[in-house]
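Below you'll find the structures, each written out as structure tokens.
There are two complexes below, and they share chain A, which is joined by chain B in the first and by chain C in the second.
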Partner chain A sequence: MSQASAIPSPRDPAPPIAANVRYKSRSQRKMIDMGFVAVCVTSASLSIIILLYLLASIARQALGVNFETNSFKNVLFSSAFSLTLISLIVLMIAGFGLLFGKRSRSRLITVAVAATLLVLGLLATVSIVKGESTYIYLTKTFLTEPHSYKPRNAGMYPAIIGSVFVCAVCAATAIPIGVGTAILLEEFKPKNNKLRRVQSFVQLNITNLAGVPSIVYGTLGLTAFVYMFGLFGTVNEPLLEIGSSKSGFYFRLPFGRGVLAAGLTLMLVVQPIIIVASQEALRAVPDSLRQGALALGATRWQTVWNITLPASIPGIMTGSILAMSRAIGEAAPILVVSAIGYIALPPQNLMGKFTVMPLQIFNWASEAKHEYHNVAAAGIVVLLAELLTFNAVAVFVRQKFTKQLS
Partner chain B sequence: MTEHDPTFSTTADTGAATLPKVKPPAIKMRKTEDLASLKIAISLRNFNSWYTDFHALHDIDLDIPENRVTAFIGPSGCGKSTLLRWINRMNDLIAGARCEGTLDLHGDNLLDRKHDVVELRRRVGMVFQKPNPFPKSIFDNVAFGPRLHMKMAKSDLGDLVERSLRQAALWEEVKDRLKDSALGLSGGQQQRLCIARAVAVSPEVLLMDEPCSALDPKSTAAVEDLISELRERYTIVIVTHNMQQAARASDYTAFMHLGDLVEYNATEQIFSKPENERTQNYITGRFG
Partner chain C sequence: MSQSPLGLPSLPPIGLNRSSGLRRARETVVIGTLICCGLFSLLTTVTIIVVLTKETASFFGRDEVTVLDFITGTEWNPLLGNEKHFGIWPLICGTMLITVIAMGLALPLGLITAIWLSEYAHPTLRAVVKPVLEVLAGIPTVVFGFFALTVITPNLKWLHEGFGVYNAMSAGLAVGIMTLPIVTSLTEDALRAVPKSLREASYGVGATRFETSIKVVVPAALSGIVAAFLLAIARAVGETMIVALAAGSTAQLTINPQDSVQPMTGFIVQMVKGDVSNFDIEYYSLYAVAATLFIMTFLLTVVGHKIRVRFRQEYQ
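Moving on to the complex of A and B:
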């Protein structure tokens, strides 16, 4: 009966939704669409051109380059720089396509080619700027030696190891706390009105924290982790010491200007990123799965652990890895916390003195000897290579887990 | 145009001449039994429910018999899903949902705040409108409930999964690919997997919230056959929009309208001689 009445008879056409409504004709709709497309394309290309020009001039200013006397170098620089930027944009677009859209072979190839062009463009730009090749600094010893007073012998070994240490501390603290916070905010929403207000307040503040400049976190880390509000004596006369500062196991309060303090400071910096990304991933899990698990008699926690969390792992992993690549590139908070320019040895323990790659690059770039600026450029290439590797791992992890699930 | 074109004939007489008259097949309904002679699984007395200020259910008195299929029918928004979701307290998840009255399952008051919801949901399984298999393997889907509630050896778990899948009439189709993702199954298979998942924890009651509304007719037939088989072991409560389905699959039917339980009787009674005018109008398709 109900089925028969559902089929409309051909005699009575569908009534209009409201009287006196004039629908746009097909051609009108097409015109509007095309107008929108035209406006979008024009404004996008204009803004890209302006952006390229701006960036090129800023880069020249920043690097202190003056090409006015040499027009050929001018052209070379502009083209190399444009190549870098364009390949970066292509890489980002195709990379986002890979991450969030359809995964196709052509997109993968585009990403690979764009990444290669990006590195080439960077190398070309950097070498044109100084007229001296950066490659000569990119030797094997560059990765195995500390900073030296001869630019040709300078390396960034302590900085690389320091970065690994700091990022390990950062990842080990930031990911569990961040994902835990996201689960609390997303899966254990309170029903009580007062608690709900508290929850939305926390939520608002976490979103706001994502926009706080990282140097602010640096000063916070200095007070909270390096000096620990002066509650445990001073940095030079710590209240509590376990083990010897020369050995691998050494702990003290306050933490002092060591790896632990820096890692925890970076944890504060990346925390909002991880929380927001994890929340998005958890929100993307359909509610029907949660209800299905709860209806089988799972507790809320069992539902999260067995159903929601595994289903959102790809998103959480990608967010975490991208947050880690931000942490690796962060210089400002480390500058405040560590405040050490030259360091010959990698950190011995969690409280040890250290330097990280961005900081080492910053120090080289502020050296008076201009050869060091090329060493800094070589350091940038290494840092970028590491970042790209991180992002490649993020793409790989996401692909792998998504395949497993569907 | 003088040529006779049957597909575009609009007048009633030519249509009647060209189209053969098809008599709908008679629906076979189960024999009426006296409710008083049956054991009662779930009983509701003076049951009221609200969503914040909206009074969703008014004074429901209902006895659901054991090992029989009871169908809730009624137009959208009449409260039949709400009632169903109170039986395993899924409404607890909705902010602002509350209820008053008594709701007993074999003499246990389910509305007692101290009552263990987890234990209750093991005893009262649920199948949803849209198939919702977990993004895991077929085996893990069925083993999910037993792993939560029972301690058992691996081989026993395998046996239990096989028995559950057999009960859900799915074993023959999936026995060679238990390790494959459950999302690769068809819609009907997914829904039967959800039923297998629900029966794996050996519940007393099985709630089905429009289990066939997202399925094609063939899968619907399979699920309906399954319901009449499962009736031997479980008390089944089914919410449906499809009145033929209610007539075919259920023993008892409750007709609800605007939060009232209008009529509750044996299915044969409801569909052949309903006592209430609203019931009559609804089942003859005059509204709803």
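Moving on to the complex of A and C:
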């Protein structure tokens, strides 16, 4: 910056304004400002409308109303549904405010208005849908039945159980390893220069891993977990088998196209997310706490275990829950690892054949029969409901357990 | 417990678990475990590179294909016909076309929304919108794929007859909608990191809010914005389920958004869905495509990181 020398001394005359520069008048500039606000609001509302339209159209198909372009009812339905959703969101936020914040009258009024709008929107949605629906696909049996060759009988029970299995494996492996890495990177910073370089390399590596497409992890899982590099024989003739494939306990090498291989593959996918979230949580713990513990004679691990980790648990939990919700929605790596269309039974053991919710939805959506698209929409509603629950839990954890530390 | 000469109870004896030797041993074990955790992420990268390199090498070891054909070829039909062609460009072209369409939607919309959120919107509104964006960024991509197939495509067909059942436009728009929350959220973070003093100085010399945002805040946050954009591009390049559902499976060299295209990820999905026998050339071509994909996203991530580090402006 060589501007210090260019500053004119106070006695110099003001620099001449170049003749060919046209300055905008004040009103012109104000107009531009207002115009930009209009552009902003338009683009923001465009994004919101697109997303609400997405949700509305999926809900519509789940209720058996098939898509029609250029129909007045379509527009009407979307707006009614948007109204419902917006009021639901306002209701949730105002409700949270009432529960955790100051109880003020304006909040009560907001809740009342939002509730009224919600009821109106729901009524409008239902009344519009009712006339056209061919069959409501989102039923109770949808949650308890397997896939069927009759679209109206199809359900996603094996997929739900499969998702639970796979996510359990993923959580059990990804969270300890991810949190361990985060602790190493944040709490045991080396003083030595060479080690410090190693550490920043590991950090850069994690950034890179976060950017690797999930389908590449899928091909990695296929080689490393399903076939195990061909070191232990083939999938059909495994080298090592413990237990029987029909019972609840069964282990073998190589893992084959089973729950364990898929869970470990997903672990690779979500691990960078957990590491970065945990690092942020640990970084938010004020240094004074650590120094206090160290001054009392605690070792570094005792400091971490008794002071830092308890203080950062809300952040780590929130990050882990969000990572798990990512894992539930991941279809591409599972598709590479499992490669199975439809199965009738949930997995029996860790090596068992399985399918997960997003994969089931993908299979239904790629069917040629149009009824299966309705079934897929119903599956999406279930999946999104589960994800929303996860997110709500994460928000709740963050709100409830975060303490002011400094 | 014995009484000390002063009549006070003495301190409890220092137990075994408090001996400094054991403490140190435990410390070593714990640090060793943690280092293993840290090495695991390095191991993951090494394994990805080794697996992709090895399988790609055995792909090029076959007689049917040479490295030169793979890099320069403009025809990709590994499954049909007697004469198999393995030229990567149709797949890269498909990926590019979809990425360009997606970014044409997501980057301008995301940037403008982010500026509005960070510079104009009321703090309460921002506090509401931000978590909603995070939730939207977590919607599984298969949902957007379904949306593209059953809603965007019929709408496009209604607008113009030329759109096929599978087309690049529909998939590209869906990918754009998917990356929109990511772009908005990350760009907003970058804009918010610009210190308030810069804005106040700008207002102080009489600038409007528009002039402050465009001429002061955006240039100051440019490195963060570019990094966010590159991350979004990497996501779009690696996006799988949307293109597998909506883009079709004809690998062709085209820039017409009404045509069906097959991006690299789409080919991998087609490969693993079909019954390809394990050690045929088609199977190995999957790894060659995955390696190309990995290299592309890796370069994007590295460039993004470099830009962020190199052009970061430090403010007090």
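Here is the rule we use: the second predicted complex is superposed on the first by the 268 of 406 C-alpha atoms of A that agree within 3 Å, B and C clash if a C-alpha of one lies under 4 Å from a C-alpha of the other, contacts with A are read in each partner's own complex, and residues count from 1 in each chain.
Keep this in mind: a residue touches a chain if its C-beta (ideal position, glycine included) is under 8 Å from a C-beta of that chain, and two chains touch if they have at least 3 such contacts.
In this text the structure is predicted, and so the values were computed from the model without any measurement.
After overlaying the two complexes on the shared chain, residue contacts for A:P238 are found with neither chain B nor chain C.
When the two structures are aligned on the shared chain, A:I380 is found in touch with chain C, with no touch to chain B. In the superposed model, A:A339 makes contact with chain C only, not with chain B.
Of the two partner chains placed by the overlay, only chain B lies in contact with A:K191; chain C stays clear of it.
By the touch criterion stated above, A:I307 is placed in contact with chain B alone, chain C being left untouched. When chain B and chain C are set side by side, the one touching more residues of chain A is C.
Once chain A of one complex is fitted onto chain A of the other, the partner contacts of A:N208 are limited to chain C, with no touch recorded for chain B. Shared-chain residue A:T299: touches chain B and chain C both.
In the superposition on chain A, contact of A:I361 is made with chain C only, not with chain B.
Shared interface residues of chain A (contacting chain B in one complex, chain C in the other): 299, 302.
By the touch criterion stated above, chain A contacts chain B in their complex at residues 1-2, 5, 10-11, 191, 286, 288-289, 291-299, 302, 306-307, 310-311, 405-406. Listing the residues of chain B that touch chain A in their complex gives 8, 10, 88, 90, 93, 95, 118-122, 125-126, 128, 130, 132-136, 144-145, 148-149, 181, 183, 194, 197-198, 201, 241-243, 284-285.
Contact residues of chain C toward chain A in the complex are 23-24, 26-27, 30-31, 33-38, 40-42, 44-45, 47-48, 51-52, 55, 108-109, 112-113, 115-117, 120, 128, 131-132, 134-136, 138-147, 149-151, 154-155, 157-158, 177, 180, 184, 208-211, 213, 231, 234, 237-241, 244-245, 265, 268-269, 272-273, 286-287, 290, 293-294, 297-298, 300-302, 304-305.
Of all residues in chain A, those touching chain C in their complex are 29-30, 32-33, 36-37, 39-41, 43-44, 46-47, 50-51, 53-54, 57-58, 61, 67, 69-70, 89, 93, 176-178, 180-181, 183-185, 188, 202, 204-220, 222-224, 268, 271-272, 275, 299-302, 322, 325-326, 328-332, 335-336, 339, 358, 361-362, 365-366, 373, 376-377, 380, 383-384, 387-388, 391, 395.
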